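Okay, so subunit A shows up in both of these, paired with subunit B first and subunit C after.
Up next is the complex of A and B:
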């Protein structure tokens, strides 16, 4: 019974704290995405026509822990199959956050866009019984200045890629 | 060619549905599946366990006996001998051909408990024996444990526990997620190592027969349950009583039985309420 109590408490903590953290994070992501809308991201290698100067490697990485509730839900889903929605939202947050951090760095360097952008995901710690403990998402690309963006290129070119 | 980043609509990768709904749906499905499997296995194990020869059960009980062995004072030895004598008297009323040998032990522990286990071993704790007011109530206790042995309940309970443990082990091993294993474990743990209510009722009924055969009446037998009621309350009881039917219900059943016996008896039979109670030597 004690174990069951601990389980329910952990589940409750995971659900309430995890959900609150997720909602807060999504709100923050949406706000910052609007703020950084001027920094464009492309996964192609070709440069936009208004690209100026050299390129510079920019990265953004984030590590997010899986809460207990999501872990249990994913485990149950693992039996019956289907969309693991609890991990979908987790990876969505991580991916968008990593891209935002990359864009943030690009903006700090005065770049107007990031080309050849890539996103990589890895599980960096494992929970009990090989369950996912936390995920890392790394976004990286080449920041390039745009002639349309004031003060572009100079900083980025100075750094080299 | 124009390069732009259009706004991505929300909700493509993330569902807006509350995860609790998904959680409870899956949990109910999984729980139902596990419970159904465990029930099926439990029934099969219970049915098969009765075919295990008693000699095999005796071999399995070696560790139990060594755990019970403990140094006793002369008084305690006398009390153990008394309980063993009482058990022997009660067992005599069973059909000799079908009789399963019973070995009674007296444990000096303060636990208010008694239990029957593999190999015909029954253990009575000082804590409970001390509180029993007279021999008739003690006989009911001893007869109840003897009945468990005669009805092969320990091997059935152990067979069931082993099956459930193996099934859970397999399930936990198969589950790729430790948490799921834990859920399955909690679902199964409650059914391990206990006698079922049906077994308790059967043991009560046989015990009443033995006590009646020994004393000719059932007066005082229900005092055992009064003691237990006083000690543990009616329900929410731990250990040996955890799966027992409510004590008030057991008292009522026993009293109804005594009443029936009296009505069926020929004229001049001992009226249950007037029947004499046998005192215990250490109470006098």
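Up next is the complex of A and C:
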């Protein structure tokens, strides 16, 4: 009986706090994506023609975990099959956050764009049962100054030297 | 020291290739942080302690790679890649590698 109580409390905590946290996080992601819109990210390796100044490696990483309610939900999905939407939103949040942190670092260096952006995902709770639980997402690329952003280019070159 | 993950440094010309340089570090999780993280696992959200740990570890790996490159006389590292592997449960290895090169500015 006590065990059932604990389970229900955990489920409730996960549902209410997890949902609030997720909505907050999505709101903050959308806001910052809007702010960092002028930092362009390319996943090709060619430099845009207006590129100037030196390159500098920029990275952004985040470790994020799914809440208890969603984990139970995902466990049930594992029985019936189908889309595990709770993990989809976890990975989406993690990826967008990692890319934002990378863009943020590029913006702080004064770079106008990031070329050859790569995103890598790894599960860090391996060896702990079957749970996916938490994921780490790393985004990295080369920050380059753009001549259209006057003044910023020299900063990027200085940062790279 | 300039670092990039493409084959060149923008605005510079590669004059000499010095071969592969690498840096790695193995980090274990802190027990206290582990407990905090398992609490966070109920509520969901970012595990800040782990993010910091991995960011810090990755910087360390890059620094070691840069030190190695400096040691062989390079002034830039191109084509940098990262890789993460879990050695045992609770410990992660972070590995950074790239090609050490000597670059000089392009005359325009």
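Please note the rule applied: the second predicted complex is superposed on the first by the 153 of 161 C-alpha atoms of A that agree within 3 Å, B and C clash if a C-alpha of one lies under 4 Å from a C-alpha of the other, contacts with A are read in each partner's own complex, and residues count from 1 in each chain.
Convention: a residue touches a chain if its C-beta (ideal position, glycine included) is under 8 Å from a C-beta of that chain, and two chains touch if they have at least 3 such contacts.
Note that the structure is predicted; figures quoted are calculated from it, not measured.
Once the two complexes are overlaid on the shared chain, A:40 sits against subunit B while remaining clear of subunit C.
By the document's definition of touching, of the two partners only subunit C reaches A:116; subunit B does not. Of the two partner chains, subunit B is the only one that A:4 touches; subunit C does not reach it.
Legend: residue contacts after superposition of the two complexes on their common chain; A:74 is shown touching subunit B, with no touch to subunit C. Touched residues of subunit A were counted for both subunit B and subunit C, and C has more of them.
Judged by the touch definition given at the top, the superposed model places A:65 against subunit C, while subunit B stays out of reach.
Subunit A residues 68, 70-71, 127-128 lie at the interface with subunit B in one structure and with subunit C in the other. Considering their complex, residues 2-12, 37, 40-48, 50-51, 54-55, 58, 62, 80, 82, 84, 86, 88-90, 92 of subunit C touch subunit A. By the touch criterion stated above, subunit A contacts subunit B in their complex at residues 3-4, 7, 15, 19, 30, 37, 40-42, 48-49, 68-80, 83, 85-86, 88-89, 91-92, 113, 127-131. On subunit A, the positions that touch subunit C within their shared complex are 10, 13-14, 17-18, 21-22, 25, 45, 47, 51-57, 59, 61-68, 70-71, 97, 115-116, 118, 120, 122, 124, 126-128, 133-134, 136, 138, 140-142, 144, 157, 160-161. Against subunit A, the residues of subunit B that register as touching in their complex are 1, 3-5, 10, 13-15, 17, 19-20, 22-23, 26-27, 29-30, 175-183, 186.
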